[in-house]
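Only one structure is covered here, and it is reproduced in the block below.
Per-chain residue numbering starts at 1, and chain names A, B, C and D are given in the order in which the chains are listed.
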Amino acid sequence: MDPIRKLTEIFSEFPGIGPRQARRFVYFLLTRQTGYLKNLTFLLNELKGSTTICQSCFRFFPKDKTPTTLCPICRDDGRDKTELTIVSKDIDLENIEKAHVYTGLYFVIGGSVPILEKSPATKIRQKELMETITKRAKNDGLKEIILAMNLNPEGENTREYLESILRPEIKKHSLKLSTLGRGLSTGTELEYSDTETIKNAWKNRA
Amino acid sequence: MDPIRKLTEIFSEFPGIGPRQARRFVYFLLTRQTGYLKNLTFLLNELKGSTTICQSCFRFFPKDKTPTTLCPICRDDGRDKTELTIVSKDIDLENIEKAHVYTGLYFVIGGSVPILEKSPATKIRQKELMETITKRAKNDGLKEIILAMNLNPEGENTREYLESILRPEIKKHSLKLSTLGRGLSTGTELEYSDTETIKNAWKNRA
Amino acid sequence: MDPIRKLTEIFSEFPGIGPRQARRFVYFLLTRQTGYLKNLTFLLNELKGSTTICQSCFRFFPKDKTPTTLCPICRDDGRDKTELTIVSKDIDLENIEKAHVYTGLYFVIGGSVPILEKSPATKIRQKELMETITKRAKNDGLKEIILAMNLNPEGENTREYLESILRPEIKKHSLKLSTLGRGLSTGTELEYSDTETIKNAWKNRA
Amino acid sequence: MDPIRKLTEIFSEFPGIGPRQARRFVYFLLTRQTGYLKNLTFLLNELKGSTTICQSCFRFFPKDKTPTTLCPICRDDGRDKTELTIVSKDIDLENIEKAHVYTGLYFVIGGSVPILEKSPATKIRQKELMETITKRAKNDGLKEIILAMNLNPEGENTREYLESILRPEIKKHSLKLSTLGRGLSTGTELEYSDTETIKNAWKNRA
């Protein structure tokens, strides 16, 4: 068994990491104190056991002493239960929270729908999403669903798929369906903008 | 006289061109046919003589056989005279035209106001802008002024300066003052978005 | 305890990894099967125990069933004991081995000497290097020492420091001291070469 | 006639310039003083007339008051006539001169031979090169020919082609044929070096 080679292979599977950087990770670890490695393996061992998935928004969160199935956001009474934002990934949710602009609840679909995907329902938490919306519409006075997808082809495709599967619920419960605003983003220069961005900037001028 | 060195110096002043690429330009020209160079110098000689500045929007445009002081946009009766978009540069105007989203008129201020600039009025066509607005408000039923600046620090500074100098006119003539919409632009991913972009995307959701 | 946050912090210390990518690693791990994580922690736990440092060249290598203090290269009778190449890091050694151009032995100094460093001896395995050279000169007929450092400022500084501390041994044992050849490297274009590279390319023309 | 559009087209043919930057050039020129444009067209008009090709090395150089067919290097008695360096482009020659490492003469072949090129003789000044070598071997005691090509696929292909056509002359006049030295170039790190560069660095160690 060559643990250097094997660990290199595993690290190569990490997002954005090639074999060369994976190998640098292994040598980096070899030159750390034993305590560092012990701490790392301890935390990795604990990771799944000390983390759980929120039964409401389906994001990961650290387990509490008091067992709970809801993440801090979902059990926060101060959050507005009439709004539900759908995001692809946990990190999107966290980045939105950092902006301190939204006080409603979330739902993490856990992926996105690639273009020409044959079975989109398998790519996201579709069943759980539909159940959540039905339940929230009945019990929490849900009024608005916000689709917060990336503005790239896969994000657009996911948004369109979500719109199609949500349409009956939207109608049935008279919900508002909105998507994130479009236009100039930080750093945009008009000279280098694409037609689509200028169109959106124009339509949404204020 | 060393024309290779002198031309290299001149090309080095072109926007975005360093001394190395400037020198490549000169050797490129040396290896062209004489006709190519003659054509280039002919066009450069003609450039100023065959181009003129629109007396209404202040952009450059090719002179016509029939002498005119207005560019094709400004003399187009189909354009909506109640809207005026203020841009920094000719290229911004051209890029907006490509999007086919706006049918009003333009005003090119010919620059932008750097942050901490002591005499901003000298950086842009301020006097001409003020006169244009007064005249358009009186004669053309001007209703809306659109500030189409870059969403970077200098663009924002320019926009704020324009807002401050336009305020009295806006009030006096009850004009609407708008700026381009903000939010996600083509390619934006939520994971990598800054707080400002997310805030704008949220406020402008639709 | 928030293992997501803690693991993010630890991954942020990995070479070339910022807090954002560190967090992506954690979410990546959270969505893996339990077996993947178990395998990773098992290998990390084994890493130090199943790896050892070669007592001759000081690189890391996987432990064998038969206990050994020498890495496969150092115990290979086919390698030429009269040549010793000094490298900074294990990865440099591995990259040289991939080129199949060198059949001698190595010594990994485990670091490099930053410019203006006050105590260079603490940055590298200096004592072990000096002992190795004395021993090899006496017992193995050492003839040539090759300094294989990066051709950047820190690599050059390290090379100069090594030359200064090796000088007495070089003299005493009449060794040859060489450094890697310099000149054009793969992809070099003359138009964009710095003066130093052209000088070296010229001196070493063949 | 739209000179803005026509000039944009011409600038788009400049090396490394796309239509967008070409257009920025035109607007840059439109906003210059008339004197700037006059100076530019004057120099462009003079360029061919005030520049000539050296009848010995075939590089461009500014004409002198006293008419001469030789560039300053070729008519400099201090240069070593026994060495001839063959380069692809004028800029390569200039960059080599900047390194102050070579005191012989040059020959600019004016191009390079693309891989799989069917008629390589048409891509370079082959006839003039062969004549120059014959003449220099007879009259100037030529001893060494140095091939100074880029270390990329097209440069390597050109070098191989030159070696093949020069072989008879090399033999006939007992010349030395050399190519630029190879190995680490400024900035090279061993961890990221390709096998070819390491092989060369090793062979040429000193």
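Just so we're on the same page, a contact is a pair of C-beta atoms (placed from the backbone, for glycine too) under 8 Å apart; a residue touches a chain by one contact, two chains touch by 3 or more.
Values in this document were obtained by computation on a predicted structure and should not be read as measured data.
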Select the chain at the greatest separation from chain A, using centres from the mean of Cα atoms. D
Specify the angle of rotation obtained when superposing chain A on chain B by their C-alpha atoms, rounded to a multiple of 5 degrees. 180
Roughly how far is chain C from chain D, going centre to centre by Cα mean, in whole Å? 39
Would you give the residues of chain A that are in contact with at least 2 other chains, written as numbers and ranges? 89, 91, 191
Within the complex, chain D is touched by chain C residues 87-89, 91-92, 95-96, 98-102, 146, 148-152, 155, 178-191, 193-206
Parts of chain C lying in touch with chain A, wherever the complex brings them together: 1-7, 10, 14-16, 21, 23-31, 34, 36-37, 39-41, 43-48, 50-51, 60-62, 89-91, 94, 110
